[in-house]
């Protein structure tokens, strides 16, 4: 069964203004296989998927399903041809119920049979072990559950080809395992699954075959068992691995006893329980914990992103009041939000405008940065951070996820913060950019900037942070440093095996 | 419809100012009571007994016309003039009927009615007659036998138009090239003021250059006239169905350097007799202004006090039309609406 | 140089394509219908001044209030993702205040006109901030929030002058509403130019444009970047208030008369249409004031064209609606996308043929 070709894409071409996003890419999916599609940001993975699902129209090439040539002009066409997708970013409607989201756009008749759908939805949710009720508003569910509802929707569409675009980036381990079990079940039923992810371990855990793209071109197709992880990374970033290894080795991380930059006691917000926290000049620390543990909420409280309800804050020993983002910014704090699309980019504005935004806000309404200065700043950071964009005037929304993230990083770096909070800066981003960001964080720390770094990949945090604050159920349950900074200890603390100092 | 009417009569928002203007020198801002209509009521008040009058009318908020009408009633039938006035205002016929019933029970001497609907009044009017109460209709007719009321004082919109057109014919121009700016289509005032002119166009005595509705909007009227001027067509009469639109038309003429008014190239005609419009007449800048009178109170008061005899049960309220060559400041003080 | 030109064509003009094409088509249509339609003549007005006259002047002059309101409306639309439907009623209020102050004493001097205008401005800004508060602080949909003033605004205007339609006549007022002696261009046109310059300077010397667009495109992100979106939204309504006061004062000055029932009647719909025809997204975000101004002239050209064709003004609205539906549909993202595809295919075929031909 594994050799029966299900889907074949040949010489796919896709052009965007100024960019050749796909240049004659071939892709073959067989029945009952899990096929990982790998590549850096801007390699063309998302574009290829969007061509396949009818979001984009290809400019050249051919698609066949089970030997028959098909043309896909709309997501509806794709669905009719048995191709279903779960996207990287959630594309459901938060103000509809779970059941409505699962059945929207594919009602059999004009009448929506609510009861029937709700019953059916509950069955599927139960089957997949998704902790949601069919009558719940989707927006009330956590990001992870929303993602799983999206998967459930696709699964229920009796698809031949299931595309999972970064499905695991907002799931915790348990949920990932649940998903993998489901993927294997579907595979056994003969469904071909295209799996797009940045988590290498997951690729090796679940996939049968790997296709690697780079810069819109096909690098090659490999059996997973024949391709060592290191080689995969090398093929993806197209350079040798010294750099990768080097970064791993710079684990000196001497904890310099610099002055305390930021200090909070009993800080709480509408979303965060009271907590104490401090960070020294040039220190990199991290907040970790499962989704919903309150790590994002805590750093948001530091920045004044949610309504601050209590606590004392000192910066360099002096008491300050931070209740709004602008207060934090004026005190030298920058914050890269977790949800890039919702809280980060201003999609329709240009790269230039997005980069200078925070600095402009700090300058105020009446001191605009001149156009030439803006351009100079934009050019500088496009170069420094290696942002891939057609021009500085390109709308930032048309950039790939990783480059969008770099634009937001540039925005904050431009304000020359003393303390930078990065909430999931590497989420949904290719390996190369991840490394770049990690390096940047370490370099910032060297220059005396305090950094709080949050990532769902513990590995990444261990590599960059000299101190990890562990949260569980909206409380700080431990603080790890030095010898304790290892995967096992982190897992133990998260799981609640033993609690360390710093518990509230 | 209501809105149209409101707009139609927007220029007639006279408040009590009108009434003070009627009698005395025309000070402003007085309320109904203080403005004395001078020529009425001394006889009644000398006897010490007040004449009880019940008025059933539409509410003043209905239109500017109604507001002037209500204020006129309240000023004429004032205590100073020897009346005790009871009023009731509603747009609903059945509420009006009940109120009329109430007035009969209270024992008024006269019942004055401007009904919301023309039907349903037989019973009440019969009761009034039985009780010896004399009934006057004003502004609007009611569908009942003539014997049930003393007199009806009403306006005739069509006649207003005819008066204006007759005035225009009397000017004996060689040719009449008319720019006709209409009010909101379908409103009573528009229908009345358009009819007579349309008859002339059909008869061929006057040429229609353009006929457009500006829906009582001054600025729109200006645009319409501008467009005629720009097209280079010749015209010598502007017939605007209210003062505001006439003013808009004149603004367009002024900008284009076309003379108007007495001795001007273009004859300007307006309606409503706002004081400011009459002053334009006095200055010779316009030629004619016509009016649909909201003032019926004085006629009824005169009949009550025996100063006027009833020749015919239906009294058509005299519609004024003013000519720039004959208008006087006294006319403005007496008939002009507003300040 | 070539590069900037290309950028201008692709980026700068993109949004303005539809309104510019619309106005060009209207001009061509009129020139075919009547070659002298746009001829501008010089004549003397009744005050003895040399003035320009003709349909072109009528269009540009007549669209003044609309253009000014469209500028402010663009800002509100961009920041709040909705429209203010009370501009006509608010203009009636501002105009009434303007007249009320002018009539407070018999003498009308230039200084008094200025005072009257400032009063009108203040009142319009107060009403603007009332709308703005409902929208920015209480998060009410702009159309719903402004429905309140839309409904009661003209009643308030009625009350200001006691229900009368007072007139003012003064050379100063005449100069504002018509012509300044010695200048042949209608004053309202000059005021539009002045307002456009004010907006241009506002965007040059403040970051209002960037902040407004940020708030309109992504309010959440704007907030996390320290932008006070409540203030920006409120400010957009207050700026619209100034536009309303200017438009109302012009409207009054044109005829020296305030009729609270008809002053700028139904102008809100034309204003919103001007913004839409100008290619601005009615859902907020990126905007071009220039587009809205062109939109205002498109609407006015259409009106004057229909008047010149002696279309009954009752029917004018229907014809206007047809043309406007066409414009808005053509300007919609769906059609734009389809057209873009068609064009790229077309160009491809052409270049393909050219290559073949060369070979």
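General remarks:
Labels for the chains are A, B and C, by order of writing; each one numbers its residues from 1.
We adopt the following convention: a residue touches a chain if its C-beta (ideal position, glycine included) is under 8 Å from a C-beta of that chain, and two chains touch if they have at least 3 such contacts.
Everything numeric in this text was worked out from a predicted model, so none of it was measured.
Of all the chains shown, the one with its CA centroid nearest the global CA centroid is C. The chain pair sharing the most C-beta contacts is B-C. With centres set at the average Cα position, the gap from subunit A to subunit B is 75 Å.
With centres defined as mean CA coordinates, subunit C is found 38 Å away from subunit B.
Spacing of subunit A relative to subunit C, judged by their CA centroids, is 43 angstrom. Against subunit A, the residues of subunit C that register as touching in their complex are 7, 10-11, 204-208, 210-211, 213-214, 217-218, 220-228, 285-286, 341.
Remark: subunit B residues 6-7, 10-11, 13-15, 17, 64, 67, 185, 210-220, 222-224, 226-227, 229-231, 244, 247-248, 251, 253-259, 274, 276, 338-339 touch subunit C in the complex.
Taken in their complex, subunit A has these residues touching subunit C: 17, 57, 303, 305, 324-326, 328-329, 335, 337, 342-349, 353, 357-358, 360-369, 393, 411. Residues of subunit C that touch subunit B in their complex: 43-47, 51, 53-55, 58, 62, 158, 162-167, 177-179, 186, 251, 254-257, 259-265, 303-304, 307-308, 310, 312-314.
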